[in-house]
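Chains here go by letter, A, B, C, D, E and F, matching the order in which they are written, and residues are numbered from 1 within each.
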Amino acid sequence: MKIALINPNSTAGMTEKARLAAAQFAAPGTEIMASNPPDTPPSIEGHYDEAVSVPGLLAEIQKAESAGADGFVVACFDDPGLAACREIARGPVVGICEAAMHFASVIAASFSVITTLPRAVPIVEELARKYGKEHLCKKVRAADIPVLDLEEAGNAAEEKISAEISCAVLEDRSEAVILGCAGMADLAARLSAKHKIPVIDGVVCAVKLCEGIVGAGLQTSKICAFNYPRKK
Amino acid sequence: MKIALINPNSTAGMTEKARLAAAQFAAPGTEIMASNPPDTPPSIEGHYDEAVSVPGLLAEIQKAESAGADGFVVACFDDPGLAACREIARGPVVGICEAAMHFASVIAASFSVITTLPRAVPIVEELARKYGKEHLCKKVRAADIPVLDLEEAGNAAEEKISAEISCAVLEDRSEAVILGCAGMADLAARLSAKHKIPVIDGVVCAVKLCEGIVGAGLQTSKICAFNYPRKK
Amino acid sequence: MKIALINPNSTAGMTEKARLAAAQFAAPGTEIMASNPPDTPPSIEGHYDEAVSVPGLLAEIQKAESAGADGFVVACFDDPGLAACREIARGPVVGICEAAMHFASVIAASFSVITTLPRAVPIVEELARKYGKEHLCKKVRAADIPVLDLEEAGNAAEEKISAEISCAVLEDRSEAVILGCAGMADLAARLSAKHKIPVIDGVVCAVKLCEGIVGAGLQTSKICAFNYPRKK
Amino acid sequence: MKIALINPNSTAGMTEKARLAAAQFAAPGTEIMASNPPDTPPSIEGHYDEAVSVPGLLAEIQKAESAGADGFVVACFDDPGLAACREIARGPVVGICEAAMHFASVIAASFSVITTLPRAVPIVEELARKYGKEHLCKKVRAADIPVLDLEEAGNAAEEKISAEISCAVLEDRSEAVILGCAGMADLAARLSAKHKIPVIDGVVCAVKLCEGIVGAGLQTSKICAFNYPRKK
Amino acid sequence: MKIALINPNSTAGMTEKARLAAAQFAAPGTEIMASNPPDTPPSIEGHYDEAVSVPGLLAEIQKAESAGADGFVVACFDDPGLAACREIARGPVVGICEAAMHFASVIAASFSVITTLPRAVPIVEELARKYGKEHLCKKVRAADIPVLDLEEAGNAAEEKISAEISCAVLEDRSEAVILGCAGMADLAARLSAKHKIPVIDGVVCAVKLCEGIVGAGLQTSKICAFNYPRKK
Amino acid sequence: MKIALINPNSTAGMTEKARLAAAQFAAPGTEIMASNPPDTPPSIEGHYDEAVSVPGLLAEIQKAESAGADGFVVACFDDPGLAACREIARGPVVGICEAAMHFASVIAASFSVITTLPRAVPIVEELARKYGKEHLCKKVRAADIPVLDLEEAGNAAEEKISAEISCAVLEDRSEAVILGCAGMADLAARLSAKHKIPVIDGVVCAVKLCEGIVGAGLQTSKICAFNYPRKK
């Protein structure tokens, strides 16, 4: 099975970090095809960054489908462009926020999300509501880290995120934590061990959910909303 | 007051139709600056068309702000890219779906939306839920008309929409009807007179709502979510 | 265009304050017809005050319609009697709470409301839910000011409200603030400048929304719920 | 225990019909004090009728409390003025719509409401949402009967309501039916026997719920929202 | 009227405490038939305890119906097995959480629930959502008391619960408090007097609600969902 | 990886049918351990059947965990006892209704569920609401087939279900169909091919979702709600 893992921003280091996380957890027969568009912003921090990244993301989806991808993961926690991707792909298209929330709802009675900058908080809150998880999502917290700081050696991100996890447990009384950025994929295991609760990385969840949907023989419904775009 | 009216698709005829509707209802001091991006799809019929139109829409917003626009109307009923537009504009950015639903909620106890193609139905249903109007929106109906057919002389659109309005009244028991496409702006008055209920065109509503917000001295909050995009 | 601005309580000073706010922001061609019933309570602080004010409010609506009003604003933040007013008026009837929340939802990702007394808090919370804005309304705060204190020279209201705005920004992480009483209309501009976020007065929003709906040629649907009361 | 049963309209025949229903089901020690205001509309058919009836209703509540009433039932299915009544009463104030919906939710997995005129439908739909029962309330149906026709001998109401019950079972797949008007209180038992599902009259439910709350030693909370109106 | 009051756990002391509370408030003609299954866990603290108690509870329901019970109360705040009980009983089956929330919604604008252990908090939150009361339920608080400690003389429960009530008033701004465990039934009156707000015990509410539904002549709908289990 | 697939009813034929479906789609390294309790009802058709099956289900979960199961699937579309199972298992516990709805939400804009008997309809509707999918679930349809008829050769189930799928597409305008009974697992592929939309079997979805969660290294959170049951 081939799964295209597409990082919508143009920072190759983040693509590689996501690829490593995916590869570590992918099933034996799964081939991860990681890519990013060449000319989107280096990080996605807000609706504008999302919007200008989506055309590049769509182009990567089309390339990957031509290259035989059976399923697709969009590796940005804002889940940008999911519905548009679904129109141009046969295989399932999975967002890392939606996957993380579905997984969290199976293993925990509630969760908090820890994201990067404060401006991402209302975006994730709106996604929780869109996905029907607002009753489970106790709080969306910002660790106040610009996305690209996650890529720098010696950054203080892990410490800041760890402090937010403590608050999520003590103040929000959440029973799991979702890391709200693809760039945090390398931290999940260590933070989970430290805090003794599930710390969930969306990249891995999305790859596994995508494997599952493809493995179940299911594809995107082409009967109406997600049919291929009309020719003009 | 200058209001930029931006049609995100590239069909100049639709831009002109929207401009005429806006101009007819604009307040005396309002200047309507109508435009469309040069190279977006000729019509927006689904999420993909939306996604690839948004960068062009954003460019028009920026041009209009530089040209002194005080407020902005996005003249596509899917309300594409609204949040991204809000990040790059000072003045308020109003979608025609949101404006139509706000206006309808003031003058009617419920409403139905009549849109073009069936694939637009789930898009509008999701908008109704996003805007907290799902309890007022009795049904979203498709008249089964491709958007560009609305531009052709002698099209059967008015008849089809009229038939759907009858159903909205009799079956949905709706007390107002919203026309779910900027390309229907010219039909509202005639259909309203015929069916004796409010038939609401979103373009006009959005222009009037935008005039109102600008006139109230209000601008987009720049404190967090809609702050200007971060420099990379 | 004539807009009737009706303060449902009987304190002429509040009516005049609302009229001044409305007049300052009304469009050139708009005539504001401000009035209040002669014998309702001097302030509306709770459901009982609302209930006993509504018949007087309805009489003012009828008088104003006879006097040629094209639209109506009910200038009390509890939005008392809106639906009843809609049954007896042709023109649109706009509440100041609903208008403020609609405007806020266009320019900000979230908002807090700052009202007068604690007993108003559940009333506004219920309105937010009724209008489908509960996901945007982060908190309703009481500044603990009786309504009529707002009319006294040298009152401490502005200071108390300002302190609540600071909390709304820091604790609620709200991106706009709505002033939850018609008697606060004079404070919005100054507080907005001080706190650098939109501080929204419902009176002005309602007047502008009403102008917009009238200007769009729309009237209250008379097909069912808001038809004129049945003769007995 | 004394329970004040107040019909907010001024039709003594409806008050008596409600009193009979209440008396038939009241517990041995319960005294039903039935009354109606002298000068409200003869029937409540819409928001305007509600609004102009509430001051008279409030006066009856105050008289009844002075006369020693331990609890209060407002016998109009629109539940007009409940919150205002709660501010001026110590004992619990129960609406017939809310009581019927609470009772229905205990004995049935879903229900339909059958009301009088179409204009009452959105009122009841809004109440279902307000009370958090919209997921149980499959449909609100109008039997298309003016309220006062229920008072006339030989009216066709029972037949029309019976036809709607059949639709509620077959089309809505509802498992109980609520009669949406105090004037239908005499029909519940016969229709229930005929259709073999619970047919619920709100007057009886409200009297029994009120008996229960009083009997449990509970009174209206006076800590904030329902505290006595502030003296001016 | 005979009401079966069934404590699903096997601690006879709790059954007796619930019986005493019920008997104190039951109407003159009501006979309380209290029982508990012989071999369920001594307390219900979580979903597992619930699940293994339900078959014993169902057996008690069947015994009570054979013994002529007209209605049934399940005296555990998690409302375990309600729907299953409804399938095998003719008379209404009332849960103590649902009854407490229905009563609270009549007498107060909002409420907090104070339960035993933290693990009960998400259970009660889910019930509030299921019953459509999440907008009224400001917070579910745990007093951090194992259920059986409530049965021991000299326990500190009352003090801990009292402290939580203070928080419910000051922090949650709740206007009533529901005691979230059948084992707290003896504390309601004293705590209500101390804190001057309604402190609501679900056992009493459920008995009174059950009396009311039986007294109204209503029984569980047998038309579909709550019909008797199918014979295999 | 070992996944325990537990059919809560005692019909070995259904267990085997589910095992076959699971085995056909399981990943190469997955061992399916299928079982059913020995003495639960032969089919689960309502809340009572659910309730009396759960203790047997819990025993199977415990046996499977002792036998080294890494994850668990409860193969009954009512998702009985999920939360209780989560308390006694380390590995994730997945319900077939929840898994099917999560998968459907990724590949389709809306879905209908086709279940067996009408009495299952409100159960599934409540699950859709519990899982936050009520806006995607257009309708729950009953094919009017007793569960055990699905086990008989020459039954008319496929035809009836096929007819309901046609209605789901034409009337509900759903874009995918979920088969609402573990006993329908063998029909999904054929019906999907015939109707050209995704026809989703929950057993396969749950197995794949469980594989995914286990494969992601995630286990049930033991911090509070799903901690092991307290010793008494």
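Here is the rule we go by: a residue touches a chain if its C-beta (ideal position, glycine included) is under 8 Å from a C-beta of that chain, and two chains touch if they have at least 3 such contacts.
Computed from a prediction, not measured in an experiment: that's the story for all the values here.
Asks: Common contacts of chain C and chain E?
Replies: Touches both chain C and chain E: A, D.
Asks: Going only between touching chains, how few steps reach chain D from chain A?
Replies: Minimum step count, chain A to chain D: 2.
Asks: Out of C-E, C-D or A-C, find the interface that copies E-F, where copy means more than half of the contact pairs are identical.
Replies: C-D
Asks: Shared interface numbers for chain C and chain D above half of all numbers used, same, or below, different?
Replies: Over half of the interface numbering overlaps between copies: same.
Asks: Between chain pairs A-E and A-F, which one is joined by a greater number of C-beta pairs in contact?
Replies: If we tally the contacting C-beta pairs, A-F comes out ahead.
Asks: Centroid from C-alpha atoms only, then distance chain B to chain E, rounded to Å. What do you get?
Replies: So the centroids are 51 Å from each other.
Asks: Which whole number of Å gives the spacing of the CA centres of chain D and chain F?
Replies: Measuring from centre to centre gives 42 Å for this pair.
Asks: Report, in whole Å, the distance between the mean C-alpha point of chain D and the mean C-alpha point of chain E.
Replies: 26
Asks: For chain A and chain B, let me know how many angstrom lie between their CA-based centres, rounded off.
Replies: Comparing mean C-alpha positions, chain B is 31 Å from chain A.
Asks: What residues in chain E touch two or more of the other chains?
Replies: Expected reply: 86, 109-110, 118, 121-122, 134-135, 173, 175, 224-225.
Asks: Can you name every chain pair that touches?
Replies: Listed in label order, the chain pairs in contact are A-B, A-C, A-E, A-F, B-C, B-D, B-F, C-D, C-E, D-E, D-F, E-F.
Asks: For a test of understanding, state which residues of chain E touch chain A in their complex under the given definition.
Replies: 118, 121-122, 125, 129, 134
Asks: Which part of chain D faces chain F closely enough to touch in the complex?
Replies: Per the touch definition, chain D meets chain F at residues 109-110, 135, 173, 175.
Asks: Mind pulling up the chain D residues that touch chain E in the complex?
Replies: Spelled out, the residues of chain D in touch with chain E are 25, 27-29, 86, 92-94, 98, 102-103, 105-110, 131-136, 169, 173, 175-176, 189, 196-198, 200, 204-205, 208-209, 211-213, 215-221, 223-226.
Asks: Considering the complex alone, what residue numbers of chain A touch chain B?
Replies: Residues of chain A touching chain B: 41-43, 45-52, 54-55, 58, 81, 83-84, 86-88, 117-119, 121-123, 126, 130, 146, 148, 224-225, 227, 229-230, 232.
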